[in-house]
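Residue numbering begins at 1 within each chain, and the chains themselves are lettered A, B, C and D in the order written.
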Amino acid sequence: MNKFATVIMAAAAATLLVTGCSKNDDSSEEQISGTGIKVGFSQVGAESDWRKASTESIKEAAKLKNINLTFSDAQQKQENQIKAIRNFISKGVEVISFSPVVATGFEDVLKEAKEAEIPVVLFDRAVDVSEPGLYVSFIGSDFVEEGRRAGRWVVANVGETANVAELVGTVGSAPAIDRKKGFEEIIANHPGIKIIKSQSGDFTRAKGKEVMESFLKSPEADQINVLFAHNDDMALGAIQAIEEAGKKPGKDIIIISIDGVKTMFEAIFEGKANCTVECNPLIGPQLFDVIEKLHAGEKVPARIPSQEGVYDSVGGINVGTDAEPVTTKKITQEIVDSRKY
Amino acid sequence: MKKFKFPMRYVPISATILVFFVVYLIGIISFDNFGSPRVFLDLFTDNAYLGIAAIGTALVILTGGIDLSVGSIIAFTSILIAKMVSSGCNAMIAISLALAIGILFGMLQGWLIHCFSLPPFLVTLAGMFFIRGCGFIVSEESIGIKNDPVFSFIQNDLTIRLGKGLNLRFIVMLYLAVLLVAIFFSHRTRAGRSIYAIGDNELAATLMGIPVGRTKIMTYTIAGFCSALAGVVYAIYLKAGNPLNCVGLEMDAIAAVVIGGTLLTGGVGYVFGSLFGVLVLGLIQTLIIFDGRINSWWTRIIVGLLVLVFIFMQNLITKISKSKSKSH
Amino acid sequence: MDLLQTNGIEKQFLGVKALKGVDFSVKSGEIHALMGENGAGKSTLIKIITGVYPASAGTVYFNGKECKFRSPLDAERAGISTVYQEVNLLPDLSVAENICIGREPRTKLGFISKKQRKVQARKALARLDIDINVSENLSSYSIAIQQLVAIARALDVDCKLLILDEPTSSLDENEVKELFKVMKKLREEGMAIIFITHFLDQVYEVSDRITILRDGQLVGSYDAKDLPRIEMVAKMIGKTPDEINQMQAGIVKNSNFGDVVYEAKGIGRSGTISPVDVSVRAGEQLGLAGLLGSGRSEIAQIIFGVDPHDSGTMTMCGKSVNFNSPQKAVKAKVALIAEDRKVTGIIPDLTIRENIILALQASKGMWKTMTLKQQEEMAEKYIKLLRIKTPSGEQLIKHLSGGNQQKVLIARWLATTPKLLILDEPTRGIDVGAKAEIEALTQQLCGEGMAVIFISSELEEVVRDCDRVIVLRDRKKVGEVAGEDISLKNVMKLIAG
Amino acid sequence: MNKTSNKFRHLVWPLVSLALLLLFNAIFTDNFFKIEIKKQESAKPAVQTVVPDNLPAAAGEAAAQAEAAVQEVPEQAQTSAKDSKGVSIFGYYLYGTPIDILNQGAKVMVLAIGMTLVIATGGIDISVGAVMAIAGAIAALLISLLDAGKCPGAGMGPEFYWIIPILAALVLATVAGFWNGMLVAGFGIQPMVATLVLMVAGRGVAQLITDGQIITFDNPGLVFLCNGHALFLPFSVWIVITMYVIAGLLTRKTALGLFIESVGNNERASRYAGIEARRIKWLTYVICGFCAGVAGLLAASNIKCADSNNAGLYLELDAILATVIGGTSMAGGRFFLSGSLVGAILIQTLTTTMYMKNVSPAIVQVPKAMVVIIVCLLQSPVFRAKVLSIFASKAAKGGVQ
């Protein structure tokens, strides 16, 4: 036994020195480090299809443009992300880009990047910093605006009176907070529209379903006629719950959510959901255009909105402001099939 | 066996140190700039809070207990400070309040564990849920600490600039200071030795007249303080607070302590070890980031393997030293 | 006024009266033996004196003033040090720390001074004429040394009263002698010593006075010289001397054995025991004599497969076997009642019933279970047979006294109807009454044709009970005596070499 | 006397607290206890529509699995879809909050069964959450391969081949348990650390299996596990009951229970009594792994997809809480399966109550923590003794016994 154990342990020790310390190329995916501009990118994590899609799009774009990409996954932890950025600086990349886990807490590390004269491009989420110029540009969506659009859609389609059940994202996360903010901002001046239920579904299907079930059992259950989910996953979970309750999702309960993943499109196409506000993950190409510009020393705008649409079962509704209108697209089979994620 | 005089009890920790340098070497060989002092310094900057948390964890584990509330307390204190400061309260007051709460909370946990002999795992688990919830009550949203005199003082004046981009930050100095104090405390004070005694054999400790109850409660109090201090450091480090941060950090801390050569059964190990435990974990992470191709899930698997190997090593050593003592 | 005086001490445990008004006193400069069966209340009394428990009633006077110690530390500060039965020290800390912990010498700043600590530790050990490396971990020393370290620790405060709770149970002859030397030396220095033991001759060897407890009550205190041994025993178990003589009388050496049950040729384990031959016949009681650490327990462990042997062969009833785990031994109907009851014997939180059926069930395996009824019947049977003092088989075993726990363990193994029964120190730490009963029982079992291997550090028992004795010294077999040659003298000669 | 009271004393406090919680709901939450009998008809169309949903997703997945042959995949899937009717036996099923509590609590209950045995041996298994993820991942992967006909056994047709992923998941989970057992029993590593390894690495492995994606599926067989109904109750409840009965028989009708308790109480002595302590411990980890597998399948089936990142996240903690609330000591020894189930239900009821009462998601954890501590205090003999001595130091004498 003892001898045997010893052998095993020795073996394990060996495994470490191979796995832990070598760069274990066996595990690394297809070579993504080109010979061009050295870019360090720190992704939030791999927590959802949406995130996965955006990672894919970045890696592909990097390959196309022959970017020397150092990619790091923060696993939803700000601490990891900051470590990553610091290491990018020490490693001496030419451009740093990352999609912040949260809005706050990046000030110092951004200052360091500035000291080291490395331009920073934000991706998908903004950060709030006291002094300007800590990052050169921000590409991506505006969570608050997404919330607003969802709100406007409800106003436009459900009318002045609606009892909304809200599936909030992970408590404290930027998208959850902003989307809620935006949505409430709109319905604020429509007294008929009330949020009668609001509970966190952690951005996951399981929670979305579990919470929706409890909503449907609650005394107010029958009044609920609108569901606003902070992302598609929760909405998809909720749809199952609604069906099991013997109600018709999309008819008895109007369903609006945000992200625009393929599965959601299908749901809308089948009339089981009504609207999804796109939050486009596929802005890798856009990102690297900007980076190349930066590298070439050109100026780039500080805020680059990603082209995002709103998809629903009706179409042709303006969910933007009168100033900059955004009209919804009606989902068709083509649109569904064209979705890659 | 008899030949080499090197005491068995130093083997795990020296192995950890060895591994640290081996990994560091490999990093230097495989990546340019890996050897730059900056990387080394950042290792401390980025792990100071974890290190301080690990000190508390180490002490608790030495008594044979465990503390799962670490991460939550960090999140709570950081958000509390951020909230108070951003709503115009003096930073020093905020910090001291946060520390006080940490201490009290630790004390409460220790009291529950000792007086009602509840399993530490359970109490601190509940504590973890509780304090995390409190964090969300303070604020669901992450809050930045903007242009606060105290924080900018710490940021600008308490940082030693060793060169371009080479900043020895206050938090690093603080961490090292706390570490030294903790080492000294654990080896050169009666209270410190009592911690070891209890972890080694609680009954014997009682019969030898060691104040078991007091020591236990004290240890959890210290752990609470360390976590709170880690939270303060975290707030300084990020200039922000976020109730979502440091989820599952307690596991990193435990891993660090174990890798640092401390046995979870208690009584055996060194606070000093936690330093290298933390550094090794940080280094592995740095390696993976520098490599920049490994998938996140591989990171997890590698860390898991790492822990495994260290456990095996310790296991082996304890076995050997046991058989040694038998042969006497 | 005596150094220590207790008046009408009482102690309740959840309704059970452990002590019923004990008056007890110890003078300075005497060695005072505290005697009594298990459950008589000795350890309870000690624990009250040293402040482990508070007394339910009564008062303790020490040094003339009444005192209520809240903790052992408290008592220690007042000058009462205790060395407990099991070595209660910290294996993973250094010897020096074990001696000094809680009272380390400190620098002006109030920090521990490691150098001073070592000095202090060496001084304390020197008092017992021990010279070892004090910065080694305690666990790297033998039990005996650890025991002496514990005593050194106890002496390392200015202690007026030293309490030794069965200090000799894990020491061998010479070590005991050493200990006694120390005790006498301390007596000269005017220290009072309370000495608890089950080895009667030891009592007479060192103690000046003897106090006897029975069922939590004081029987009396006597000067050692005018209390004949037999009478003391009588007082302890509440019987008359003649009754005891009868108990001893039942024993006869029988000589007609069945065929060989177990035979081992040259079994050994490097570092533990050098190869020996052991064989037992049905109905024979084989004794293993020798000092502690001479290898007697080690042989038992090897036979039972706890420690694998790395040389030699064994046969059970003619079939060659290889016990490398207790399971195998048990399946082959070998039973071992091992040395340390608490660690290797009882399952404290299980009921007496469960403790009794455990081994049998284990040998049957997981699937062949006994109905609750069968279990209860079995438990009842043995509770009666072995006169286990308990209201029912559903009591948790941890609530029994040592002697009764030992009986339960014997029951556990009898239930497996073993062919070979190994008893390793079955009589250690249990009272005279139970001892006699157990001795008688083993005799009876032999009569019924069971092979028994009997290990005891009390040579009288071995000599009295065994039909053949293998004598061991320094992990080697040094001789074997059988039948009429078995006498204390012969055995001693062999042991001494 | 002693015996029976011992049997049930541990159940008292968890049951009391559960009762209080339910009472609270009965008073303050209208129609908390409203249970209606639904006829399957009402759900059938829904089920019908469920079918096309996610389907192309499965196809999409398949496509993702291999770029080739995207075309014929939908047809394949279509056929699989056709047969996914009859989600309930007997057409009728109960519907209401208490049912949800049971259905949602099923995962933790199943986990708690395994966890109880492990804790009874004085161990702990903090890797079950990760193992759940692994089990869900492998099942989803296989089913998507089968749907795409890219895996042997696809010939059986969707109404049968779901058995393959289920078996695979259970086997894999059991292997994981075996691994833990090996570390703990084989190498004598502390359970906490030993299982920490798999806890850290396990989720990684799961993501490795699914390549970090959320794999959705719609196979009637798999979906039925947690969404179907049988004999009026959700099928998951029946799974729990079966597991509980099996575990009960296994531990109480064989000597396993006795051995586990004996090993947990004094391992060395148990070995001396001829019990193969190592094997017993090992076995409990294997069982625990298996339970985690079942729980993982339930989790996946519940949302018709495998979400490696979130499946079973922190459920190990709930399982441990359930066990301890149920009266099993973390020090090992006596164990109470029924208690653990009650504990699990208590936790789930608490969570559901929060949702129903619209408690702000922020503070949900706070009351949970409090309830846990309170129940555990009530369970702790020391606490009881202290309270007793406070209230009636005289009566204490009679009080105990």
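Throughout what follows, a residue touches a chain if its C-beta (ideal position, glycine included) is under 8 Å from a C-beta of that chain, and two chains touch if they have at least 3 such contacts.
Note that the coordinates shown come from a computational prediction; the quantities given were computed from them, not determined experimentally.
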Original post:
What chain pair has the highest count of contacting C-beta pairs?
Top reply: A-B
Subject >> Per Cα centroids, the chain farthest from chain C >> reply: A
**OP:** Give, as an integer number of Å, the spacing between the C-alpha centres of chain D and chain B.
**Re:** 32
Original post:
How many angstrom between the C-alpha centroids of chain C and chain B?
Top reply: 45
**OP:** Find the geometric centre of each of chain C and chain D from their Cα atoms only, then give the gap between the two centres in Å, rounded to an integer.
**Re:** 48
Subject >> Shared-contact residues (touching 2 or more other chains) in chain A >> reply: 5, 8, 45-46, 171
**OP:** Would you give the residues of chain C that are in contact with at least 2 other chains, written as numbers and ranges?
**Re:** none
**OP:** Two or more other chains in contact with one residue: find those residues in chain B.
**Re:** 136, 140, 295-301, 305, 308, 312, 315
**OP:** Can you identify all of the chain pairs that touch?
**Re:** A-B, A-D, B-C, B-D, C-D
**OP:** Would you pull the chain D residues touching chain A in the complex into a rising list?
**Re:** 29-32, 34, 38, 42-43, 46-47, 49-50, 52-57, 60, 95-97, 100, 104, 186-187, 207, 212-214, 216, 227, 299, 302-305, 307, 309-311, 352, 355-356, 358, 361-362, 364
**OP:** Report the residues of chain B in contact with chain A in the complex, numbered from low to high.
**Re:** 22-23, 26, 30-34, 36, 38-39, 42, 45-46, 49, 82, 136, 140-144, 146-147, 155, 164-165, 237-247, 282, 284-302, 305-306, 308-309, 312-313, 315-316, 319, 323
Original post:
For the complex, which residues does chain A have touching chain D?
Top reply: 5, 8, 45-49, 52, 168, 171, 197-200, 202, 204-207, 209-211, 213-215, 217-219, 233, 237, 239-240, 243-246, 248, 262-263, 266-267, 270, 272, 336
Subject >> Of all residues in chain B, those that touch chain D in their complex >> reply: 66, 112, 115-119, 121-123, 125-130, 132-134, 136-137, 140, 251, 254-255, 258, 263-265, 295-301, 303-305, 307-308, 311-312, 315
Subject >> chain B contact footprint on chain D (complex, rising order) >> reply: 124, 183, 187-190, 192-194, 196-208, 212, 317, 320-321, 324, 329-331, 361-366, 368-370, 372-373, 376-377, 380, 382-383, 386
